[in-house]
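Listed below are the structures to be examined.
In what follows, chain A forms one complex with chain B and a second complex with chain C.
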Partner chain A sequence: MTSAFIVHIEAVKRMIASRLAFRTDLLLSAATMAINESLVVIFTIIIYTASEGFPGWSLPAALLLQGTFILVHGIGGTGFMGVIWNTVRKVEAGELDLVLLQPRSTLQMLIATGFDTEDIGRALAGIATVTYATAQLGPFGAWAWIRYALLLLVGLAVLLSLGIICSGLAIRFVKTWRMYEVLDALYMLGEYPATLQQPTVRIVLSFAIPIITIAYLPASVLLQMTVPHIGWIIAATAVFTLLSYGFWHSSIKAYASAGG
Partner chain B sequence: MINWAHVRVMIMLSWREQLHYRAEMLISLITGPVYLLVNYIVWKSIFSANPAGTISGYTFEQMMSYYILTFSVSYLVWDNTCDWMESEISKGKFSNLLTKPMHVYRHYLYYKLGHRGLAFFVEFLPLLAISGLIFGILPLEWTHLIPFVASVIIASYVNFQIQFIMGTTTFWTTKSSGLTRLITWTSAIFAGKYFPLPLLPAWAQWLFLGLPFALTSFFPVQAALGGVTIAGIWFSPWMLIGYQCLYVIFLEFTMIRFYEHSVSKFGGVGV
Partner chain C sequence: MNQKEGRSEQHSILPAVSVKNLKKTYLTHKRGEGLLQSLKSFVWREHLEIHALRGINFSIQAGEIIGFIGPNGAGKSTCLKILSGILHPTSGDVTVLGYVPWKSRISYVGHIGAVFGQKSQLWWDLPPIDSFRLMKSIYSIPDAQYEKNLREMVRLLEVPEVIHRPTRSLSLGERMKCEFINAMLHNPAVVFLDEPTIGLDVFAKETIREFILRWNRLRGTTFILTTHDLQDIETLAQRIIVIDHGRIVFDNSLSALKARLGGGKHVRIRCKRPIITPRSRAVTIKNLISREEKEFIVDTQRLGIGEFIKLIGRGNQILDMSIEEPPIQEIIKKVYKRA
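So, the complex of A and B:
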């Protein structure tokens, strides 16, 4: 366990070092990530300027939800979502075999060497939005923040599961770059209050692909809104995570390299 | 002079490559409707809380038509020339293009003609049909069909010009993906891909009128919807096309000057 941790840290350090070779490009990329993630915030501010906005949600409350989504996306993007492009690129170039030869967990190596320094821009944009929104909404107690932080971990678990599923798909089907578009479409569903969605869509996003745990759940809990079946939603998240691991392991077993 | 044999060969080459990954193209048929569904849900709830029935001059049906057309048009104007140029230049393979019996920009343009032609049948038409069936909205009236087609063709070419100019920056920088991504993503706002530009304040409308990005998406969409008022000025569909044409001339001049100046910087192996 300790050695796995050390290997992970070493791999991440190397990824950061190699990215720092192009510092200006890194800064521009991080800024781009921040701007791109802030688009939904700009869109929401424009909506609230031109209309009454989302029913039942004030502008700071909506920004808290979206800031939370950006924050989770930023942390996940930096820490582990690079597993997707890393897998796609390695499978496409026939380099996955080299990872399989390493005496470490293949999934862990794909995650560690997929560390994305530029996604820190996203996380910073998330922190800035959440800070602004919470300053508008008034002070929250320590217990509210603890529950918020715990639910952020649940959101990160969902994001990790999505990354693992996409990595598994990349192993099964070569050249799957457009998976990112499917993911972006899914993310869009999590960037808005679940109360706007129709009941059927809400059920799917709560229990089948629990996207609403990424931002709606922590933001609602911090705002002391009632979220029905919260326990069941978290249980569904645990099942989703386990299934994603199962899918990935079955995919790697089916991997037949370039000659398969 | 256009060498039609070159055009045909590049289109065939493009089709062969794209058809190899046809499953990838079909992904648009999943992502497109999901994007539209999200916008449908969001705007439905916003309009339900808006007693006036219109937001910045758009009714709910017009807003959905705007999004359907924006997503459909994006498949026709999509361009990756900048990324391809960056890859060829940074890997030192650009010299191969210089030895071909056609100008580099024609090489990329004809290739685009091929894969966007394919996208018309595989992505554009099916998405328009699926959206019409799901949301029950026909976003395009027959009377606006000709200006819409003309405007989309120009929009696609403008996007190519922008991408080509961006691609030439790789001659100066070792790695330009950060810069190009910054321009591409910020330009998406000014292109009106996320929301209709009349929602913005007047000063911002003047800004996007001065930049070329709105010409790649907002203009053809509004040509299909029968015109628009930008910064207090009414633009009929044909006025939108006229404005696009003026910008094409300016960008063409810029593109050629930029390329001639930048290609002299190229120092590939043996060049």
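So, the complex of A and C:
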């Protein structure tokens, strides 16, 4: 267990070092990401002040929701969502074989070597937004913060499960179904109706469901809205995470018996 | 750790590798070109079975160096991938070091190493030494063992400075040497090498061959390599397994192969005057360099080399002569043709 943790840290250190080899690249991409996310927040503020606002939501409450989402997205993006592109890249290059040669959990190695420094900027923007919003809404007691943190973890677990599922899909599709070639062909079409390519559309599509768990639940604790059945939510998330791992495991099995 | 002693004990009892009736069939499907065809094959796919291994048998003793050869697509890489636990076979029994590779993968792969000439296990933007240190924690290698192995391999492979330069700036030869170090720091008992010398210059090839031989002799490490470089086979392999279309067509030493195919000797002769070719069915002309210089192939099973020299010395005044083994390419070509 401890040695698995050490391996994880060692791999992450190398990912950071790899990015540090291009120092300006690291700083620039993280800063760009932070500015990007801040712009979204500023945009919310502008819309809010220029209009009637969102019914039922004060400005700080809306910012808290948004900040919480950005924070979860940032932490997940840094720590484990890189597993998706990392899997796609490794499967395409036939390098998944090399990961399978290591006497470690293959999924863990894919997560560790998918560490993404770029999203640190996003996490920082999230922290700043949440801090700003809670300063307006607060002060909050320790219990509220504990529950907020707990639900934040639930949000992260949901995001992690999504990442694991996508990684499993990449292993299955790229290798056995060749979905990629179909996707490539579709992307070519997609270049003409430009809307398909718009990031907002894609984000809405890919995060529509989990966004509720990810941001709404933790934020609602601080907004003194009642969160029903926290216990059940945690249990359901745990089941979802386990199922996603089961799916991933069956995918890597299929890979091994289908052939690299 | 006492892991190593435990392993060598095991070696003396069991063969390091045992393969029985191993089969691997890949299931793929035909795919068309372009969007329409891709979409069509997404919905409805025509299945295609590729019999990469059609039931092969062999066993390897600990400490052997085995060369796998065979034309492209013969099934060599498939075989190595199954032996190293990456792929599940369709059927058959395999044990390596007492393990069934595709079961209990994690405990098994700690005892083996692998180098793929076409793929890199090193971190591209970092110096190899950083990759080595990660291997140290991935394999939980004790400090003393790590230092000792690293020092020795760096010396044998002549890469003392190279390991501190970013991998992306290394030449192919330098990188391959580092791939070997990376794959062998944890004292693997069996090492799989899939075309490890591909694309290297002669100097790098020689250093790597020398290294493999040294490590095999000093540590008793078993090496199983595939190659298209027959020089690799001549210098390294104590035994060769020729595989073609998923079947083993030959499994013995190189000299046995030469004997089996009756590989005649190549004799090149230069004379003062035009050469009179001896009349014997055991002698054929391989190369007509000039009227005064010819290369013969002498079938030594029918005509001893001494007899041949006597024969040719009778009518000719020999100025120069060289006798050589047939080049290995010719022998291999014959094997492939027979298969």
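Please note the rule applied: the second predicted complex is superposed on the first by the 209 of 260 C-alpha atoms of A that agree within 3 Å, B and C clash if a C-alpha of one lies under 4 Å from a C-alpha of the other, contacts with A are read in each partner's own complex, and residues count from 1 in each chain.
The rule is short, and it goes like this: contacts are C-beta pairs under 8 Å (C-beta built on N, C-alpha and C of every residue); 3 or more make two chains touch, one makes a residue touch a chain.
On a predicted model such as this, the values are computed, not experimentally measured, just so you know.
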| item | value |
| --- | --- |
| Partner chain(s) touched by A:L100 [first = chain B, second = chain C, both, neither] | second |
| First, second, both or neither for A:A50, with chain B first and chain C second | first |
| Chain B versus chain C as contact partner of A:V7, first or second or both or neither | second |
| First, second, both or neither for A:A256, with chain B first and chain C second | second |
| Partner chain in contact with A:A17 - chain B first, chain C second, else both or neither | second |
| Contacts of A:L242 with chain B and chain C, given as first, second, both or neither | neither |
| Chain B versus chain C as contact partner of A:S29, first or second or both or neither | first |
| Where chain A meets both chain C and chain B, residue numbers | 22, 177-179, 181-182, 185-186, 188-189 |
| Residues of chain B that touch chain A when the two form their complex | 21, 23-24, 27-28, 30-31, 34-35, 37-38, 41-42, 45-46, 48-50, 55-56, 173-179, 181-182, 185-186, 188-189, 194-195, 199-200 |
| Contact footprint of chain A on chain C as seen in their complex | 24, 26-27, 31, 34-35, 38-39, 41-42, 52, 78, 81, 84-88, 102, 105-110, 112, 114, 116, 118-119, 121, 123-126, 130-131, 133-134, 137-140, 166 |
| Residues of chain A defined as touching chain C within the complex | 3, 6-7, 10-11, 14, 17-18, 21-22, 93-95, 97-98, 100-105, 177-179, 181-182, 185-186, 188-189, 253, 256-260 |
| Partner chain B, residues of chain A touching it in the complex | 22, 24-29, 31-32, 35-36, 39, 42-43, 46-47, 49-55, 118, 173, 175-179, 181-182, 184-186, 188-189, 192, 196-198, 201 |
